[in-house]
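In order of appearance the chains are A, B, C and D, and numbering begins at 1 in each one.
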Amino acid sequence: MIVLLKPGAPREEIERLRASLLTAGCDVREIETSGACALLAERYWEDPPTDLISQLSASEHVERVIHAGKPFKLVSLEIKGQRTQVKFGKSTIGDGSIALIAGPCTIADYESLAETADAAKESGAIGLRGGAYKPATSPYSFQGFGKDALRTLRRVADETGLAVVTEAMDPRRVEIVAELADMIQIGARNMQNFDLLREVGKQPKPVLLKRAMSATVDEWLCAAEYIAREGNEAIVLCERGIRTFERSTRNTLDVSSIAVARTLTHLPIIADPSHSAGYRRFVKPLALAAVAAGADGLIVEVHPRPEQAIKDGTQTVSTDEFRGIADAARRVAAAIGPHEDAFVM
Amino acid sequence: MIVLLKPGAPREEIERLRASLLTAGCDVREIETSGACALLAERYWEDPPTDLISQLSASEHVERVIHAGKPFKLVSLEIKGQRTQVKFGKSTIGDGSIALIAGPCTIADYESLAETADAAKESGAIGLRGGAYKPATSPYSFQGFGKDALRTLRRVADETGLAVVTEAMDPRRVEIVAELADMIQIGARNMQNFDLLREVGKQPKPVLLKRAMSATVDEWLCAAEYIAREGNEAIVLCERGIRTFERSTRNTLDVSSIAVARTLTHLPIIADPSHSAGYRRFVKPLALAAVAAGADGLIVEVHPRPEQAIKDGTQTVSTDEFRGIADAARRVAAAIGPHEDAFVM
Amino acid sequence: MIVLLKPGAPREEIERLRASLLTAGCDVREIETSGACALLAERYWEDPPTDLISQLSASEHVERVIHAGKPFKLVSLEIKGQRTQVKFGKSTIGDGSIALIAGPCTIADYESLAETADAAKESGAIGLRGGAYKPATSPYSFQGFGKDALRTLRRVADETGLAVVTEAMDPRRVEIVAELADMIQIGARNMQNFDLLREVGKQPKPVLLKRAMSATVDEWLCAAEYIAREGNEAIVLCERGIRTFERSTRNTLDVSSIAVARTLTHLPIIADPSHSAGYRRFVKPLALAAVAAGADGLIVEVHPRPEQAIKDGTQTVSTDEFRGIADAARRVAAAIGPHEDAFVM
Amino acid sequence: MIVLLKPGAPREEIERLRASLLTAGCDVREIETSGACALLAERYWEDPPTDLISQLSASEHVERVIHAGKPFKLVSLEIKGQRTQVKFGKSTIGDGSIALIAGPCTIADYESLAETADAAKESGAIGLRGGAYKPATSPYSFQGFGKDALRTLRRVADETGLAVVTEAMDPRRVEIVAELADMIQIGARNMQNFDLLREVGKQPKPVLLKRAMSATVDEWLCAAEYIAREGNEAIVLCERGIRTFERSTRNTLDVSSIAVARTLTHLPIIADPSHSAGYRRFVKPLALAAVAAGADGLIVEVHPRPEQAIKDGTQTVSTDEFRGIADAARRVAAAIGPHEDAFVM
């Protein structure tokens, strides 16, 4: 936002306007050229409220107030004015409770999946995750058991009453995945696969949109806008860690992005502490940090015997550990109270 | 850690060893060359426990187990075997409670500092922060009021009973700062100013060591080792956000680093949500996320009227907001319970 | 590579082996546990040569030498043993000359494209680039003129004798693009869109594979392996800048990746200085730096009147500027001489 | 720069102004609020030229043109108006030739240093580098031989006629280093050690200022401004690689920073390909890329027998390899011609 001042605006008035902008949470920089002075005020998370603009414009020393909008509309909190709740099977994400989704990285046999699902449900999970079609950096790595795995996932979900989320990677396979899943995951590597985004936007099942490893929050929300624009606003965002120089964890969980995105969009946001951590030992603290930062839920890699998991065993927690995470996450959420209360200071 | 197998080790035995390593939290990679096979197991946070090594070595198919140590010793949790509590004035950091330090970015007048200190104390803060000598990117920016500011800080601290932390940047000024402060801060830019580290290591006041913007956790702990090696182990680590591509916050608060560092060092760790966030609105969620990830305390920029703060007003919260943060932080810590319990899964 | 020493290996022998490894370009770290000693030697760019392994193994104090392979095979220089030349229309990329491809970001009218093509050809370009289907961060941004643009591109190419490269984003549109283009571009955002990679791998036209904004060199080569594995080894790699904290350029051109990739793969590598720079003024120095680092060619955004370009005008050079870049690039390449000569020291 | 338009400015006029800004190399964004329209034009590398401002202001539809300045003055190319040449011993850096500085990471014995110096001189080097006081991440790593090493360095330099550059880390040791060296190096870790910067600014020897691992170009130039402001403008900037996610090289040589800095400052800029590469094999391509991007010189780690170097042997080239680098660097510089010519398009 640019607040352009008339020539000769007195110093006290400039300071008064500057204070108003700071109070409104803006980062303010003063620029001046041969008499002409302007305040450049940036407030990252949303456009300035109308009453602030009116108030600034009302000053006799202000010539004009100009601001640019955000590149997304349908997913904007400011424009919609209220938070979205996304139906996921018989449950809801974004209703104030902590939505928990658990399951193995990759779906293998029926037995261990059923065991995981039972334990997850007992710990309060509403959803079951598991890979059928797996993105793998190398073509020689395991790519998932495909449609068979999808069917196993569906069967276990039906037996336990959990809802199912799994990834679609190819626009031509969205239909198959949508048929068997309750929510379609768009993986981090496909966050800007625009044709895939459009395809999942055209079908009615909700979409779990993971943030790409090096996407800004704005780019992430623009990706969601691609889906929403096709008619599907049942989108759940998922922070899963960004790529930085630090190697002690697989990725760097960016809890700030959760706090920032909450101010920009009405969509619910969950976190994936497993892919962020990369190591089983750090899954719990990252899960709790995400909840404390405002996440509406968690998606966690869980296996009854992590050391036997087909893939990503290093970052998979046991069903017992998951219970500990689930309980603590709920206690942290209760300690903080309703988000609006907590963060709109 | 390298687990070297004898030629002809059977597949089942390799899998059994692999599972032991995964159970111990290692990331395991198998490498093989013409018959010789080895397991490369990485467990970031500490050296493998002796009993794991014994157990692995006991296998008749294992030829040898080899591992490298961490480049720090005195600050290592494994070596010391118990957590350190750091005395800060009459209070303690690292005793299980959430240590809160509050104050303006830069010390200006006595009145507003006293007002801040009174409000901070009422909210449960144990320490007062404030810049007297300020690092500034440009030489034309404000650099602090120097010794006069130090004296104001001391006076206000004495009147309220709060302890004082302030930054030293020049090895030649450590003595002056140590005389008036209860803890000496080493700023992010000076984390690898080794001569300064040695100087604060030679005097008895505790040291608050901020992580550099692009330092790995190992480099951070090596910096602490420089201080410890001169005889001063009263060190408090402070995560203040790392530099990444994301610009919606000033820096990216790396909560993982808190969780990781807790497994590596016995030193207490606090977080600075103000410099991480850069915007007042995000200070609270980041503060709570840090506590949920295992931080022993918080250092927060607070001013009675942030819009009048000399510097960094954009990221400074009001005294009322600070009270909300302090209360919520304590509730989150209570919800999680003692850390050891929570994170050693 | 791990060089495991027998117990009691004398210090001089360890030092001798260490020196051999250093001479071979490895980064060497010594690790030791209760008598057992090993040298951990990393040589990023390729597996250790067989003769080095033989030489090390020959020492009476070495017990065993173990090493892990790279996760790609078909695109590996070591495995293929000779460099690949890729046919692009009537020209060749990777034959020792600097391959130049020029054109607008987005194809608009026939006239300006023809004007660009004529000028590019005169400057020695072999290819014409231009977007028909454009990836755009926001769904409200311009997405290209689609098939009409493809036809214009083909027509201009045929008239000038230039070959054509343009992007495919949807696996379902690969066929249309392949029909009209001489090379199919996979954009940075789709570098790990594995279904798209497989699709372009199944058709015979060469593929220009851009590196993703946060992909490591290994991940980039694994993406190429996906294409090669389907039968198409006519792949040209393209470095286009990575995402870092620095904002003075749109991306950070990573010239090291060119030098590193040349040691790992037999595929030709070109650079895109336009998307790296983001500003017209920096296109030339970045183009020359890429050539000096070993690039086999350049793909540059060119428009007769950059200020009238539909998209990315800021980073588009004029046809005159392109001539300057082309001439200088050839002079730099001639000054360096054949790559093998230059960089295998 | 903000170009504020009067209400009702016709579309054609807005487009005309936009084209002028694009022509001047600006990135232009249009923002509009209820009738008021403005063009936000960013041109990273310097303030807009006076004649552009006059031209824009002359339009009857422009109400006002406003722009912000850079946070540095003395080191600004625009303000000084001509490039600085820095005397280094009997030679000059920034005079159009490629200044070459060579030497071991750490100074050990007289013999190998003398051998290195002789070979470097024969290859055309003007300076000798070598560490006497070494920054080391861990306090247990080698820290250099101190004053004895300084004396050896001085002796060898005097015997060969080369000038000497070595690092100072402690403001209290600047005098000792200045006494024996011809140029004082400020290492990457100390780029924002402001007291050290002031200290080297107060003495007359030239200063080699390395860019910090995560410093922006602006921050780097602000650090130079600290030195200049104390009266010493004999500053040589040195790009040595930034920290990114990529690990195939030790750091990522940011050639763009050389091109960008050249447009912002009158100070000469050299590059350190050794610390960027981390591996001996990549030193040459990175050296040539830096020269092609506009570097005025190179500082290279050289040792007669790299495998015997005390530190950093992995990234040290032999004296023979250095000759190859030196010869190729001069050929590349000649191929490009004078910089002004080349890059001010």
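A few points about this structure:
Here is the rule we go by: contacts are C-beta pairs under 8 Å (C-beta built on N, C-alpha and C of every residue); 3 or more make two chains touch, one makes a residue touch a chain.
A quick note: this is a predicted structure, and the numbers were derived from the prediction, not measured.
Where chain A touches chain C, over half of the residue numbers in use are shared by the two copies, so each contributes mostly the same positions. In terms of C-beta pairs in contact, A-B outnumbers the other of B-D and A-B.
Chain centres were defined as the mean of their Cα atoms; on that basis the chain farthest from chain D turns out to be A. Annotation: 40 Å between the Cα-based centres of chain B and chain C. If you average the CA atoms of chain B and of chain D, the two centres end up 32 Å from each other. Centre-to-centre separation between chain A and chain B, using Cα means, comes to 27 Å.
Contacts with at least two other chains are made by residues 214, 218, 243-245 of chain A. On chain B, the positions that touch chain D within their shared complex are 71-73, 135-141, 169-173, 189-190, 192-196, 213-214, 218-219, 222, 225-226, 229, 243. Across the interface of their complex, chain C is touched by residues 2, 4, 29, 31-33, 36-38, 40, 53, 63-68, 243-245, 247 of chain B. If you check the complex, the residues on chain C that touch chain D are 18-20, 22-23, 25-28, 43-45, 214, 216-218, 242, 244-249, 252-260, 263, 276-282, 284-286, 288-294, 306-308, 313-314, 317, 321, 324, 328, 331-332, 334-337, 342-343, 345.
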